[in-house]
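In what comes next, chain A is part of two complexes: it sits with chain B in the first one and with chain C in the second one.
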Partner chain A sequence: MFEEVVRSKWSIFSAGLLLILLILPSFIPRFYVYLLALIFVTSLLAMSLNLVVGHGGLFQFHHGVFYGVGAYTVALMLKKTSLPLWTGFVAGPIVAAVIGLVIGWFCVRLTRLYFGMLQISLGSLIWVIVFRWYSLTGGDDGIPGIPVPAILSPAKNSYYFILIVLVVCLILMYLILKSPFGSTLQAIRDNPQRCEAIGINVRRYQLAAIVIATFFAGVAGVLFVVLERSVFAELLFWVLSLEIFIMCLLGGWFTFAGPILGAAIMVALRTFVGIFTEYWTLILGIMLILLIFFLPEGVMGFLQKLFQHRTKDTAERGQG
Partner chain B sequence: MLQVEAVNKSFEDFKAVNGANLTVGKGDIVAVIGPNGAGKTTLFNLITGALKRDTGRILFKGEEIGELPPYEICRKGISRSYQIVNIFPRMTVFNNVQVAVLSHQRQSCRLFKPAKTLAVGETNSILESVGLLDKARGIAGSLSHGDQKILEIAIALGNEPELLILDEPTAGMSPEETSATMELIKRLAQMRGLTILFCEHDMDIVFSIAKSIMVMHQGRTLIQARPEEVRNNSFVQEAYLGVE
Partner chain C sequence: MDFSALCGQFLVGLSRAMILFVVCAGLSFVLGVLRVPNIAHGSLYMIGAFATFTVTKLIAGSVGFWVALIVAPLVVALVSLVAERALFRHLYQREHLMLLLFTFAISLILTDLVKIVWGAEYRSVSPPDLLKGSVSLFGASLPRYNLFLLIIGPLVAIAIWAFTNKTKIGKISRAAAVDREMVGVLGINVSWVFAVAFVIGCYLAGVGGALVAPTASITLGMGHSLIIEAFLIVTIGGLGNMWGALVGSLIFGVTQSLGILMWPQFAIVFPYVAVVVVLVLRPQGLLKAVW
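Then we have the complex of A and B:
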């Protein structure tokens, strides 16, 4: 009963938020429409990472690579081939997932920090290829002026497209996490040794989780191209991967929606504090220190606890 | 059903298991006893695939399982519980058992079907049979130690094993909990037609429920026989039970 109360409140809240986001572009300046869309793209990226970090317990240290691969795939296909426009949109996530499969295949053989170190090395390899292969990727210039489909050109249209894709992806992720696969993944996070003893091939499940997460990272990469119409090598650089990781920690990596909050905080911080100082990471650093001391389960984890206590209190009072 | 023949396992220079032999017939309740460090847990780890044996043979229903990874050995019908509580502490009691049931039913890889609608009956019946049903929605990590040890057994039952291996099922329990747990194990063995292999320090328990006892000393099997024969064996008395 208590769980149902929480769930129904959450769904009312989400529906209300979605409604606001749907009508908002008619009332706010273009810059804020762009900023919200950027938050959506970053949210999807952080959510995809959290599938393996928060729910899978894997040290996925170089998730940005798959975001970049998705973005570059669609960019190259739109720029250099005459294939139908939408094929690029499908190819981005698939190529990202294939790269995820290859890198993951090696990484799941190791555990914890070693997993993370190997992933950083293999991921950096892909970054170097993109950074150096001028004739194909434009190297450090990136690829500007990518022709996105005409229907997505107006800022409002791309905003709605990104929002809809985000919502669909979030629903899919939610279903996956609540499925037998999702609970098996969480069991592996809690206790891989015991999972082996109850007949679960741990490595295979971890690899499957990586492929799913990198697929969604690829989707985020495609959305980035829709929004920015350009790509650059920084998308695959390890600094970005670290930032996504921080978003998960900041928002609350044991919660479902936490990374969205983390992404929103990070993007807003970079945009608004970045206006005043280029040392915005200094503010971020201070926030992180405070976070570790006061909100070890992230902002969302903290809010959830607060919310649960209140609901419990009122439920008990109602019964009494 | 289970046949362990001349199995050895060394860690560097230390011979943890050094010529262990064990026979477990279908429907038997077999105990392994021996002082601390005799190699009991290592032997169980070898049988369940958590460790790989150096030499010797481990046969389950006539098939060599010594080279298989743990998850395949589990699928052949061997489940185990651990001496030190080894559960999924952040998940609910129900989910702890359900994960094992889903794995047994080969449903773990389903992606879009809500887990809460699957394997509910099986999971609840296991929880009921061990007496944890009223705590099903609690977080496993917040159970008492005794209940966590019972949950250990419940998780192992989720795979519907033919052979259940219990590594000191009553370690750290109060005397009352211990006798209740042993009653439970006896009852489960009858109800589910289980074959049970366990190790235990409390000799009263061992001699009251085991049909066959294997004595280990310094990694070696001294004897495997019926309880009364073990009790009267002078070699065992000297090495382990203590001569009075």
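Then we have the complex of A and C:
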């Protein structure tokens, strides 16, 4: 019953937040609409990473690649083919998931740091190809001016589109994590040997998790194109991948919504700190060190602990 | 494609591999002894290059470079000593993921500090007079500086081998790599062994930075692009294995330079393909990993 109370509180909170986000664009300046949409895109990316990192315990070091692949796929299809506009939107996540399947197939045979290193090398391979293949991808110039469907071109429309896709994806992720599949995945994270012993095909589960996560990263990539209308090779560089990692850490790996909070804090800080100083990465580095020393479970993990302590106290007092 | 061009390109690849080796040996040493995957290693390499630039500006003439070759790595070692004593030593017990993110944070800070100290412009260093021009080797002309690198690389390898096998502190740090608790039980101050090992590893990053300075333009992004290569090299060689770092560097350097002959636009792709092939065939690395 205690859990139900907490859950209902959460769902009321989420519904309220969603309502606010739905009416907000009518009241705030255009820049903030853009900023919120950027937070949504980044949140989805961080959430997709956390599926495999926080809940799956995998060292998914190069998640940015799948984001970039999704973005480049839709960008190239919109720019260079005459296929119906929406096919690119479907193709982006699918191509990202296929690449995720291929890379994951190699990676799940290894564990921990070796898993991460193999993924970085395979991911860097894709980055290098994108970076060098000027005739197709524009190399380090990227692809500017991507023609998105006309209905999405007003800032408010793209905002609502991104918000709706984000909410649908979050619901799907929640259902996946609450399903037997999600529970098995978390069991594998906590004790892979025991799971192997009771007859779970650990590698297949991990591979499935990677494919799901890379699919959602591809969705985030598509949303990025909707928002920015351009792509560039930095999307696939390893620095971005580690930044997504930081968002998960900042928000809290072991909570469901933590990465959203982490992404919101990172994007907002980058934007506002960037106004005052060009030394944003210095601030980010200091923030990250403080986080690792004092708040290793992230903001959300910390709040959850605080909250749980307090409710437990009151519950005990009620009993006594 | 004639033989001498192939030969020349091969030698250039070897000499580039020597710089990679010096950096990777340091990274591998830190990884082996301290179990820290140090992303900041790339930033320290960058600091080494920028420090070399400053020293050659302060001391005119070709003596400047030789002084820089001594001084720049010491600057890097000093920075790493401060970082180790102030921050790293509190975190050795944490899991790898946290350590990785922590070193990423250090690298972000160091990159911006370099930006504050040296600015964001491209810098360059010219090689000393003794190493200007080129020599003819196996019918191919090779810049003298690359020849110098080909000599320095093996010397560094021998020095590292002698340090880890012949000196007491080297032996202790090898022992600490295998079983740090046992070393502590024997009454050795493990904390200081770690500090020394860390500083030596970072010193090598500084040497690499000083060596690369005359061959490439010195930029703020050089650390970030190098460190990923260095990690891959250390992984395919076998984590913590110094000879593995040498083998990995040779594979990386030579495939890249031969790739330039075959397909210039995608030359940089070849080493990554080589790394993927090695990791798929031998996931644990070519040589025996320390852990």
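Following the convention adopted for this analysis, the second predicted complex is superposed on the first by the 312 of 320 C-alpha atoms of A that agree within 3 Å, B and C clash if a C-alpha of one lies under 4 Å from a C-alpha of the other, contacts with A are read in each partner's own complex, and residues count from 1 in each chain.
In the analysis below, a residue touches a chain if its C-beta (ideal position, glycine included) is under 8 Å from a C-beta of that chain, and two chains touch if they have at least 3 such contacts.
Model, not experiment: these values are computed from the prediction.
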item: Clash-or-fit label for the pair chain B, chain C on chain A; value: fit
item: Which of chain B and chain C A:182 touches, first, second, both or neither; value: first
item: First (chain B), second (chain C), both or neither touched by A:288; value: second
item: Which of chain B and chain C A:32 touches, first, second, both or neither; value: neither
item: Contacts of A:121 with chain B and chain C, given as first, second, both or neither; value: second
item: A:272 touches, of chain B and chain C: first, second, both or neither?; value: neither
item: Partner chain in contact with A:13 - chain B first, chain C second, else both or neither; value: neither
item: Contacts of A:307 with chain B and chain C, given as first, second, both or neither; value: neither
item: Chain A: partner with more touched residues, chain B or chain C; value: C
item: Spatial angle chain C-chain A-chain B, Cα centroids [nearest 10 degrees]; value: 80
item: Touching partner for A:105 - first (chain B), second (chain C), both, neither; value: neither
item: After fitting on chain A: smallest Cα gap, chain B-chain C, Å; value: 15
item: Residues of chain A at both interfaces, chain B in one complex, chain C in the other; value: none
item: Of all residues in chain C, those that touch chain A in their complex; value: 37, 39, 87, 90-91, 94, 96-98, 101-102, 104-109, 111-113, 115-116, 224, 228, 231-232, 235, 239, 265-266, 268-269, 272-273, 275-276, 279-280, 283-284
item: Complex interface listing, chain B residues touching chain A; value: 48-50, 69-72, 74-75, 79-80, 82, 86-91, 95-96, 98-100, 102-104, 107-116, 118, 155-156, 158-159
item: Footprint of chain C on chain A - complex, ascending; value: 59, 106, 109-110, 112-114, 117-118, 120-122, 124-125, 128-129, 131-134, 238-239, 242, 245-246, 249, 278-279, 281-282, 284-286, 288-289, 292-293, 296
item: Footprint of chain B on chain A - complex, ascending; value: 172, 175-176, 178-184, 186-187, 190-191, 193-202, 205, 208
